[in-house]
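Letters A, B, C and D name the chains as they come in the text, with residue numbers starting at 1 for each one.
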Amino acid sequence: MASYKSEKINLLNRLSRIEGQVRGLQNMIEDEKYCVDVLTQIAAVKGALNKVGMKILEKHTHGCVKQAVANDQGEEIINELMEVINKFTK
Amino acid sequence: MASYKSEKINLLNRLSRIEGQVRGLQNMIEDEKYCVDVLTQIAAVKGALNKVGMKILEKHTHGCVKQAVANDQGEEIINELMEVINKFTK
Amino acid sequence: MASYKSEKINLLNRLSRIEGQVRGLQNMIEDEKYCVDVLTQIAAVKGALNKVGMKILEKHTHGCVKQAVANDQGEEIINELMEVINKFTK
Amino acid sequence: MASYKSEKINLLNRLSRIEGQVRGLQNMIEDEKYCVDVLTQIAAVKGALNKVGMKILEKHTHGCVKQAVANDQGEEIINELMEVINKFTK
């Protein structure tokens, strides 16, 4: 079971807004809007994606990781967690 | 005129793929896929957005910034460029 | 007790190399080396610091966090972990 | 000539403070301070390095890049600039 289950609607709403922002970016390019305005909007989308990621990371750590530790299967889960944090900080 | 004009189709294609990836993320959440898989996918979308941003930044610097410098209006444009790079490195 | 105890010598060696790199940066500035070479070196130092951070984060999660979860004190420790990851991804 | 010449003393002061912070990190590890405190301090050093980098990037763009554009040698310099920004956003 996914640890973020209680946040599903919140996450889906955020992602639906992000989808809209990406469509907005396509319109900006289509209309040849000024580069810096496009870049500012891209930075905003990245920030919004980061928030979704941090929320899932938090739920994952409170949920899956905690349970794995309780079941003495923490090592592998924590290694996996580190790898995904590594991807995220790049 | 937008400096990225020559890359318009390329950029629109990339953004349309990113839109698809964001929709894919919504499906993953809907289906309660494993947290780490969702996080890996979010990191991929962030990477794809970064590439779009770097392409526009490059075109902007070769285009608008170069022209502004040639017209002795470089200072303001370069300050603006620095601000947007700052947003991007966050 | 610090979770990174077993990595102390490794971490101290890395930090001592980073200290040398920062001194090297001061020499580069003093000698007015080319901007791009200085920036490349700064990026290298940031990368080296990131590696130290990830190593400590890993040890912390395997150590302190695991123990806190085992003692039913996981919530606060995980919130704290999320905050520090948030600082790190910026 | 380095474009950051006018900022030399400012940059050297910042780097000397960063060197002190890295030495402080070694003491924290030596004394086995709490992981999260060490990580918070590492994030602070990364932030301080970023500021030095952004200052040099700004001076470089106002200086070397502007001059190269004026001399019609902008293409190569801008490509180089993009590469270094790419390293920086990672």
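In this section, a residue touches a chain if its C-beta (ideal position, glycine included) is under 8 Å from a C-beta of that chain, and two chains touch if they have at least 3 such contacts.
Chain-to-protein mapping (UniProt): A, B, C, D = Copper-sensing transcriptional repressor CsoR.
These numbers were taken from a predicted model, which means no experiment stands behind them.
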item: Least step count from chain A to chain D, where 1 means the two chains touch; value: 2
item: Distance between the centres, which are taken as Cα means, of chain D and chain B, whole angstrom; value: 23
item: Centroid distance [mean C-alpha coordinates] between chain C and chain B, Å; value: 28
item: Mean-CA-position distance for chain B and chain A (Å); value: 17
item: Residues within chain B bordering two or more other chains; value: 50, 57, 81, 88, 90
item: Touch-based graph of the chains, sorted into line, ring, star, complete or other; value: ring
item: Complex interface listing, chain A residues touching chain B; value: 1-5, 8, 11-12, 15-16, 18-19, 22-23, 25-26, 29-30, 32-36, 38-40, 42-43, 45-47, 49-50, 52-53, 56-57, 59-60, 63-64, 80-81, 84, 87-88, 90
item: Touch list for chain A against partner chain C, complex; value: 50, 54, 57-58, 61-62, 65-66, 69-70, 74-75, 78-79, 81-82, 85-86, 88-89
